[in-house]
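Below, each structure is written out as structure tokens.
Each of the next two complexes has chain A plus one other chain: chain B in the first, chain C in the second.
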Partner chain A sequence: MGEVLERSRRKTSRRRPRTAADSAGLAALQTLAESYSYANIQREAAAGQSVLWGGWSWDSPLIYACDTIPLGYDQLWYDDSRKSEAIAEDHFQVPGEFCSMIKAMIGRLHSDRDNNIKRILHFGSGCEPISSVLELAKRDGYDVETLDTVTAFRTAEKRASGIAFLVSELRRIGFWLTGHPVDEERVADEIRRKNLLLTKVETLLDLRARHPLYIPGIQTKQIFMGAMHMFGNPEQFGIVLDTLIAELRALDRHPEPANYIPLVLAGSVGNQRLFQAIEESGGGIAGWVYHGTQKYDETLPPLESLAHFVLDAQARGDLGEAVGASVAYRRILVEEEVRKTGARGIISSSIIGCPYASLMQQLERDHFSKLGIPLIALETDVHREPPTEEQIMRVKAFVEMLS
Partner chain B sequence: MTNSVFSADLLPIHALIEAEQQAFIADEGGRKRAGYFCAYTPPEILNAAGLRHARLFKAGSPEIVSQGERYTQSVFCDFSKSCIGAFDKEGGDPFYHAVDKLYTFHTCASMKRAAEVIEQFVPTTLLNLPRLRNEAASRDFFRSEILHYRDDVAELVGRAVTDSEVSAQIALYNKVRRLLRDFSELRKRPNPPLTGLDFLELVRGFYYLPPATLLTAYEKLYQKLARTHDDGSRPIRLMISGSIMADGDRRLVELIEREIGARVVVEDHCTGYRPFAHTLREDGDPFAALADGYLDQAPCARMKPLDDSLDFSTGLAEEYGVDGVIYVYLKFCACYGVSKLEFLDRLTASGVPVLEISSDYSVSDIGQLKTRVEAFLEVLQGQRDDRIETNSKEHVHG
Partner chain C sequence: MKANDVFGDDLVATLPQITTIGVDIGSRQAKAALIGGGSVHTAITASGVDSQETADRLVNRLLRQAGVTRDDLGFVVGTGYGRIALSYEDVPTTIVTEISCHAMGAHALNRGTRTIIDIGGQDAKAIRVDPENGRVIEFIMNDKCAAGTGRFLERIAELLGYTLEELGERSLESDKKIDISSQCVVFAESEVISLKAKGERPQDIAAAIHLASARRVRNLVNRLGLDPEIVFCGGVSNNLGMKQALESLVGHPFTTPKLDMVYAGAVGAAVLAQRHYQAGHA
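Up next is the complex of A and B:
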């Protein structure tokens, strides 16, 4: 795989790929993303690899330093999500009003209760539905460990006691995973490695802002996810990023007129068809507020660095509800992206039934209507079926309106 | 007697609460006014600083809910929507508008988000509340958050809040908590001298009245009720368990007690008996005592492990000899909605029948609610009759 990429990288430096279809980087990203599937990692777990659900976000350097592969919760609804949702409602009697995300999670954990991935890491600052649903998972023999709740409500309120507590919590989790104190030097190595990747992601996003159609939305989302969990294979992810950066640089050398309407996407769109609808109607997602590309502070002791990273993200409104991000401040990040990219409109996306995202959308709606920047709020679920015609029409009408 | 929902004996206490609320709004005495939402907020600190203070759980009206929906849309529980709606400057509730400072802990994610909206309307301090009840590090962290809370309160009143002041308040509040437990003990009698609605009014007093005022009024009432003779009737005994029950959300208890004639003899929720089940340590470091005491109190389902909440719930049902439990969760309350099966299964396994109700503050479903509660109570009555028959047969044969 590495060799194939090397060859294609050499090619990209000579020949500029005209469309995404020619992109060796995107093909490699696809292969990498497929390798990080639940089915594959489950096989690795069966062969003795330490794997856990969760720990894929700000905390991934700790998890990798414990020789463990963090598996993103999103894999729980990647397949069979309808069936899983039905299990949640019938077997666990999760009331209908809750989001499809937690239902798919608990349903899938239940159907897979006999497989080898039995540990779940949970951060107490995240949303209540996840916290509660994981209590139900204990019934099926899952070993659920909670990193206790620490939240910085504003940047100025990042209190020393909160940092110290989070550090002790991270130590406890390290012990839980390995049975001995975590090797902090290894955490520092993992932080450095992740920072390198985040720098690459940042470069890539800056370049992509000028060619938003070259790396389509769905693949950009994969890159954001990779920036957190690195697909269980940081080296390979680095190679993919280098390849894509080279391709985008090549495009940059021969700029073409921007024939799209620049947009900012806040949050994630779960469904590929919606991304296509945006792009088919002439929209290009030039700016994206999703998981950020902030770096860890390498001058701090490593566990402290992780603690600062997450508390800063909460106060900034970054990294989403999984870390208990503030709903009041994400709009600042969105506004920055709008200014940076010259976007003409904002697509703010959330999961149906998610109280936190819905509140954030409402605050963003009010804020941007005052600023006169058009915003459309989308709500989707975690299922993979195509979105409704009505949703597609709304997106298309929005983009057309901006043109 | 007025058309109030509690017994005549409670009228003087009700009057005190009303007067206190008016004084709060009118800013009588010019003391700063603090509000808080959750039973995990120690009022000891507020009282030690000489603040006028109240727990803000005045909710239940659909109008205030729709006021809150201007910000949240529909996917929040009606309680959190009401908290926002009541603070909203256009409309809202004058009692909430009178609050100078709001203290709120990051309890559930909805209430944290509600606070992020509310801070547009009133100065707000958000604090951390750990989830893990049994970890020493979590307790230390909670203690440091309480110290931060104390410092913030000291800044509000413009003077230091001393350790001895806090210790004195712990002792004072312990007295009040004990007294409320004593009231609740009376409900263990076959025919309790106070109704569930009466007890909820006493709890309301706990959250609105200064403890010194409360003690004088409550002690007198307690003596009176303790002397009441049992008239021999044996109402069906119920426990209500689940989400927070706002002080304006009395329709279920009214239905049970005033229309159907059963009795709520204990509550496993944070605006009923639950916050009074625990006594705080009175010696040593007062902040460690607060941290331990509030984490050790009978737990909300938001805390971990959930087993502690389940154990408490089943233990309480047994202790009060209830015939059945009504488990009520507010729509969109994840703590009690998502976890409901755990409660239902555990209570049922302990031999207590449970009726589950998903609730909000709308008035449209009252007819259906009545039918379901009546049907449940008929079953309980039937079971009780069977038990009496079996017992008497055993008695004859024995």
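Up next is the complex of A and C:
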């Protein structure tokens, strides 16, 4: 793929890509994202590569330092999600109204119980139903470790004892993965590498805010995910980011009139067709509150740096439920993003049946109603089938209303 | 009908002298409206399987009614759940959501409209409208629950041995208050069967069903705020029982424009088609 990129880069330098269809960076991103599939990584696991479910978020530098590829939970519902959901409802008797993500997780882990990715890492501050799923997964022979944590909803509440506890937890996880104490120098290297990528992601998102249709929503979501797990291939992800940044800079040199309604998206949209509906209606996601682009403090000992990162993320509201941030915080980040991008409306998204996100949406609805900023609340599921026509209509009507 | 009688002189004066059609393909019924030659024509039929065929039928009927030919058509706007399938190679066409079309339709038919309650075959919506220009200010819709929608009322009418038209009228004859406790269509159906078995009169059950459905719609509308003037649109707007139940819960009478509000979406689409033509999109 490197050769393909090189060829594409040479082409890019001669001719500025006018549309996303010409983009070598987007093509390379797609190839990279496809390589980070459950099936591919399972093959690597079968060939002896250490792999685990989880560990793809703030904790990924530790996991990579342990020569392990973190596999995002989203791969559990990337395909066969309906089948997995049916297992959850029929075998585990999970009510039909419950969160589709949780049902797909429990069903897929159960159906794949004889596969060779058997380790799961969970962060204790995260989604409580996931904790329950993982308890059930233990019955199917999965080796589940939970990283226990402390909570600091404000930076002032970040206590030394809390940091020390998290560091001891991270050491325990390192030992679990490798059978020996974690090499902290390796963790420091991984932190530096991730910081470099996060800086690139931040640059890319700043550039993209001026060209939101060049990198469409679905690919931007892939970039956000890559900012966390780096698709199991940090070097290649860095090359993809560089290519996209160069393309966006080229667009910046020849600005074209903005012909879209700038919007801020809060959370993720589970369904690709909804991204298309936003963009087909003339909306452009200029700002997005999803995963953060905050850096790790390289001046601290590496495990402490990870511990500070997660508690700081809680205090800021970054990474949401993945780090146990309060439901009250996302609206602050959304408001910042609206001011930064001049967005005319907000799409607040959640998964149907998620108690955390539905409460967050209600708070956002009330907050932005007071501020007079139009907001539409979308609830989607994790399945890949097209959304209902009602959902598409809701999105299109919102953009029409703002236009 | 004369356009001036339906829309008022102010709006008509702003429209170009061109013939346009709005087609609203709903989940149960397809409606269309033609504006042109100083008149407004409407047509309605059951939504068929093929949205384009249904739309073609309505368009041809309107052209015959208005005594014009296809060549006279300046613009068509499609809306409703069947809108995505609509396209005409020989007439400029665009697609607009029913939220925007209902807002424009209710505004065109009653200039002071600020709030729209729209109950169709499969969902309920509440829309706040700018009375100055008919633009949507805010909207909310319930597409997860079928309670109170046309589809639900059809099923209840069937259970009670009424036609859909009779359901609303007969509910007004009720003289006994019955509580329907279920919030879910499936359970509400079971409750209706059980009330029938207990010997309750169909009129009383019908009234109870309307009140329970109206309560859900009222809760939806309350999230937007209720600014009079309120207009009731959509297929269910012709159900007198539902209208009365909603008015009593909302505490405001609904404004009744001169045209059947089942056509609000189609009329709004036809007005928007006029605007598109005016803006040079043809």
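Structure notes:
Throughout what follows, the second predicted complex is superposed on the first by the 400 of 403 C-alpha atoms of A that agree within 3 Å, B and C clash if a C-alpha of one lies under 4 Å from a C-alpha of the other, contacts with A are read in each partner's own complex, and residues count from 1 in each chain.
Convention: a residue touches a chain if its C-beta (ideal position, glycine included) is under 8 Å from a C-beta of that chain, and two chains touch if they have at least 3 such contacts.
Please read all numbers here as calculations on a predicted model, not as lab measurements.
When both complexes are superposed on chain A, chain B and chain C sit side by side without a clash. Panel annotation: after superposition on the shared chain A, the angle at the CA centre of chain A between chain B and chain C (CA centres) reads 80 degrees, nearest 10.
Applying the stated contact rule after C-alpha superposition, one finds that A:K396 touches chain C and leaves chain B untouched. Comparing chain B with chain C, more residues of chain A are touched by B.
By the touch criterion stated above, A:P374 is placed in contact with chain C alone, chain B being left untouched.
In the superposition on chain A, A:T149 makes contact with chain B only, while chain C stays out of contact range. Of the two partner chains, chain C is the only one touched by A:T388; chain B is not. In the superposition on chain A, A:G353 contacts chain B only, with no contact to chain C.
Of the two partner chains placed by superposition, only chain B is touched by A:G324; chain C is not. When the two complexes are laid on top of each other via chain A, the two nearest Cα atoms from chain B and chain C are 7 angstrom apart. For chain C in complex with chain A, the touching residues are 81, 84, 96-100, 122-123, 135-139, 141, 143.
Contacts from chain B toward chain A in the complex involve residues 71-73, 75-76, 106, 108-110, 112-113, 116-117, 119, 126, 128-132, 135, 137-138, 140-141, 144-145, 148, 301-302, 304-306, 329, 331-332, 334-335, 337-342, 344, 358. On the side of chain A, the complex with chain B involves touching residues 92-95, 97-98, 102, 124-129, 131-133, 135-136, 146, 148-151, 153, 157, 159, 161-162, 165, 168-169, 172, 321, 324, 326-328, 353-356, 358-359, 362-363.
Per the touch definition, chain A reaches chain C in the complex via residues 374, 388-391, 393-394, 396-397, 400-401.
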